[in-house]
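Both complexes below contain chain A, partnered by chain B and then by chain C.
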Partner chain A sequence: MTTLESQAGRIPSPREITTEPRFSDKVFRGVVTAGGLSSLVILGLIAIFLGYQGFEILAKEGISFITTSEWVVEVDSFGAITNTTFGLAAMLVGTILCAIIAVVIAVPISVSAAIFLSFYAPNSLKKVLVSVIDLMAAFPSILFGFWGLFVLMPSAEYWAKLINKYLGFIPIFEVEPRIFTRSPFIAGVVLAIMIIPIVTSISREVFSQTPLDRIQAAYALGATRWNVIRTVALPYARGGIVGGSMLGLGRAMGETVAVYTVLNIVYQINWNVLFGAGGNVASLILLKFGEAQPYEIKALMAAGLVLFMLTLLVNFLADQVITRSGTKGR
Partner chain B sequence: MTFENPDKKEKAMATPSSLASVAANTRKPGTNTLGIGLEARGVHAWFGKHHALSNVSLDFPAGTVTALIGPSGCGKSTFIRTLNRMHEFIPGAAMAGEVLLDGKDIYEPGTDVTKIRLKIGMVFQKPNPFPSMTIGENVLSGLKLAQLKNSNKDELLEECLVRAGLWNEVKDRLNAHGGSLSGGQQQRLCIARALAVNPQVLLMDEPCSALDPGSTLRIEETIKELSETMTIVIVTHNMQQAARVSDFTAFFLADGGPGEMIETAPTSQIFSQPRDQRTENYVTGRFG
Partner chain C sequence: MSESKVSVKPSRPWRPSPKERAINFALILGSVLASYLLVAVTELKGKLAYFAVFFVALAVLNLVRGVLTRDWMNGRDQFFSIVMLLGMTMVILPTASILYTVFDRGRKGLHAGLLTNDMSLATPSDPITSGGLLHAIIGTFLLVSVALVVSLPIGVLTALYLTEIKGRLTRPIRFLVQAMSGVPSIVAGLFILSAVVYTVTKSYSGLVGSLALTILMIPTIARTAEEVLNLIPNDLREAGVALGGTQWRTVAMVVVPAAKSGLITALILGVARIVGETAPILLLTGGGDAVNLNPTQGAMGSLPFYIWKSFLLGTEESITRGWAGLLVLLVLVLSLFLLARFLGSRRTK
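Presenting the complex of A and B:
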């Protein structure tokens, strides 16, 4: 510093460094920027639309829109609306309950599948399994719903009875009266099957990115394959697995048709997951939309806005979880 | 081939019980029995259809340092990876021949490969500490990975780090993460990690190629100290390094076809009076 100062007399302020991009670079930049912002714009437009449509209802019902469970539209003999009460509490509880059940069931299966595909499956089998799993993701949800209702329900009812018999002392597994069909549990199982593909393929992706030199280091120390997976691959992939699970949770919360087909929708908060009564915001919208009057449609829009907010909130929380746990194993 | 002893295999077969009893009594790192070293017998290696290595027979007598030299692509890294069965991790990889550790073929069906890799440790070209673990956990990670019991972990930790020449630099921050060290320190951490499971043989695949001269010097000193208690095989591109650290040197060359071992001899002889013209061309810097 002293020599510089004596030579120049003063320390220069840092120069501003700029580059002038070429025209083609500017064009490309514009295109990808538009692509990047489009999702934000679309999301914003949907939120504005829902907010605009649902504002009247939200203002009228206030906080009771999400704290009460009644959904009543009374009409007189001329078809004019005389009284309305809109409350989403049962639907919100049901949405979260079904989604959590789905994630609890799907994540262990998906992570096992991803570990098998990444570390054990022979190449030929791996290719087949990966395309089958991808196909599963593209399967129409109404078919999952039908299958859940007609094929899965009898078995799932039996599992529910077993859980109730041995774990019934835990409050959420109580069933009274003893109705086991069309419960949040069964809807959760169907949702679990629907989100397995996405959680599996994201987990598989992060497993396949585990640095080879770390895997080799572990093997060279005399590790068994299970120990390599446990000490190297799982810590590395943990952030990605959490992220994939949260995407699955988001999908499970927004799923409409399959849940609508399987679940018995009841306007009463039900925490007993094995009991045949539940709710789901998206399914409510589907259930009511066909016969709703313009005023009730506004209420359904408000319900959509609430679901939208809930999904955003869950994704935000998920992001927090990922940033906290994601980098540690890397 | 120069120091091949045809009786070695028979001798090894005759003494397993005494070896086992020695091994059972000494569990401190580096105080393990040296065994009778490692022998490669007619080793070939393939990657898919590509024949990468042809008919290499080489002895690594116990307690010596053997350097494998040769130009890039001559199969020396492939060869060293056949010595502890790391070669087979590459899809499509195949090998033929035998690798004998204390006279017993490590490729024999029914061999527990994790036990082989415990006895034949490896240090890689690029330092690869586990980033999620602290320095201390990295050194002891082999115990956890191989599910070994050790009652005195603190002592083992210090001993391994001292022997790897890293103790003085890290003793005050054993709980810092491995990634916080410099490249040379990370490589010595990897050596310490390999030592913690008490290997008989240590394979080093260009351990200094990513390091600065100062770190290289430290690791060479470490190699010399370690060679008193274990058998070391080191792949290096640096002929000065081979001359400095090794007792024996083997020259590999792939001349269009698969890699072959051209010549092996005591290191001083390889560099002063090589028998093969190609060896002379390489060590005098005429190619490679």
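Presenting the complex of A and C:
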């Protein structure tokens, strides 16, 4: 009599249950992880290569590369370089000044537009307006640059004169001599228009996440729409708005073409925002690149590294602000 | 005896009543009048004055209306509704102005040969009808295609890592993608210059320009693709695994096909992001005036370079050419955008 036990080998032994992925999955996970790490690799390579090219300049100038403001390349009659001084301070000041002007102008406009879209606009209108804002985010920067130069400049110059007339007693609004065109203020306005779509869409996203029960509770307590916005929506969205504004700040700091077109690039520290002289690091690179000798290009690489680190820092802070406000139980 | 029929007329109490509409209209009219009056009487001048007075008047009139109909709190509510409307208007106005300017000024630069000639035989002050955009359009097409071939796989793999594998690195990688989208375009250009041009190729070409564009394109594709893949219901993944599929088979045969149109949207948005990118193009491609079909060699023209050069030449004709170039570029961006919208709306149905 044959029992099942005697038929050795015919009963399959129990399969080992394991969470070990199969070979194909191992390959798949490896490839995808490698792809995912590409952003790390690329960012790392950017830092390494710019640092490698700019190292000589950074080592020679040291801290004065970002604290002094002189960009001099002296050549003798044979074209050999005799003396160089590279200091980025004027352009760093210009970068931060333009970006801050842009944020100061863009944030109130963007936040009120986002509030309008989230709480006031009827649905059909909202769809159209959101599309327009998304479209605006896709406009290339060269478009903003030449529009700013040819169309916005006359109006913005007039606004600058108004500000100077009524607020001229504040030191930063002084203009002497009276040159109002191509000032950091106008560049700031153009940058503001460029970052408005980013800040608006991030703010709108945060507003749309406001818990509905709290909004309804506020209405049930007799709040008006403005009360709801001020006491429920704005406190809830504060972190997201700050984070979105900092993303906009980072974008404004790195902008090249629009600033180069609109701004009169002069190598001096200029705190008078309405006066027609300024610059930023990115536009300096574009300006000097054309006629630079290999040695000066190294300095431009170092300037690029400083700009890269600056935008990375701003983006990191923005990320921290957004996540921290996202995890806190408001 | 006939019963009198009482039909209740449906009303829509949430809609503004005719009286309220009339008041609204009167307030707007009053504000327009106020802006004209004040500009005529006082020293205020210019478009800005009309705009400012109109909104101040509208806000104040609404405040008064609110206070009169209910109380102070209602008045404040009305006032701030106008402030928010003002913010929205200030977002829309520049967009409208940009679109109008480009269409209005670019129109004059359009001519029959625009898309079939290149600029190799035209000088800056030649009449507008000579020369054209052919080299720029071909160049842009080649630059974008090469950038697309490199960045699409990397972008989609990044998105797949963020949605399918969800390892320990998800948070940092999401941040790095975000940080990468904030890399200034000129830094991307400098990077390729130092890493590729000075070490390997020693010359400008379309290919190195594409590599710089790749850096700018990857984050856009990765983030859009991540959003799309997140929308794919988990049921599909579970079903795939329950049928005995490995993760690889599930992703390749279930998840990615389900997200196909969304991934195409991601691709289109990536193209729209880089098609007008100027700074790295200026550093890397050399910008020729003749048609160049070989991206690995020689200067390559492109739309942004053409626009940049035309405006910098500064003659009347070349500035008109620049606006025409901007018009073509804008139409390109617009159609890419509408295509992405169309595919996106089809997906959600």
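Methods note: the second predicted complex is superposed on the first by the 274 of 330 C-alpha atoms of A that agree within 3 Å, B and C clash if a C-alpha of one lies under 4 Å from a C-alpha of the other, contacts with A are read in each partner's own complex, and residues count from 1 in each chain.
FYI, contacts are C-beta pairs under 8 Å (C-beta built on N, C-alpha and C of every residue); 3 or more make two chains touch, one makes a residue touch a chain.
Model, not experiment: these values are computed from the prediction.
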item	value
Comparison of chain B and chain C by chain A residues contacted	C
First (chain B), second (chain C), both or neither touched by A:Phe308	second
Which superposed partner A:Val130 touches (first chain B, second chain C, both, neither)	neither
Touching partner for A:Ile163 - first (chain B), second (chain C), both, neither	neither
Touching partner for A:Gln53 - first (chain B), second (chain C), both, neither	second
Which superposed partner A:Ala217 touches (first chain B, second chain C, both, neither)	first
Partner chain in contact with A:Ile172 - chain B first, chain C second, else both or neither	neither
Which of chain B and chain C A:Met253 touches, first, second, both or neither	second
Which superposed partner A:Ser39 touches (first chain B, second chain C, both, neither)	second
Contacts of A:Leu287 with chain B and chain C, given as first, second, both or neither	neither
Overlap of the chain B and chain C footprints on chain A, listed as residue numbers	224, 227
Chain A - residues contacting chain B, complex	123, 211, 213-214, 216-224, 227-228, 231-232, 235-236, 328-330
Of all residues in chain A, those that touch chain C in their complex	21-22, 24-25, 27-29, 31-40, 42-43, 45-46, 49-50, 52-53, 108-113, 115-117, 119-121, 129, 131-136, 138-144, 146-147, 150-152, 155, 158-159, 162, 193, 196-197, 200, 224-227, 229, 247, 250-251, 253-257, 261, 282, 285-286, 289, 300-301, 304, 307-308, 311-312, 314-316, 319
List of chain B residues in touch with chain A within their complex	84, 86, 89, 91, 114-118, 121-122, 124, 126, 128-132, 141-142, 144-147, 190, 193-194, 197
Chain C - residues contacting chain A, complex	46-48, 73-74, 76-77, 79-81, 83-88, 90-92, 94-95, 97-98, 101-102, 153-154, 156-158, 160-162, 164-165, 167, 169, 172-173, 175-180, 182-188, 190-191, 194-195, 198, 215, 218-219, 222, 246-249, 251, 269, 272-273, 275-279, 282-283, 304, 307-308, 311, 322, 326, 329-330, 333-334, 336-337, 341
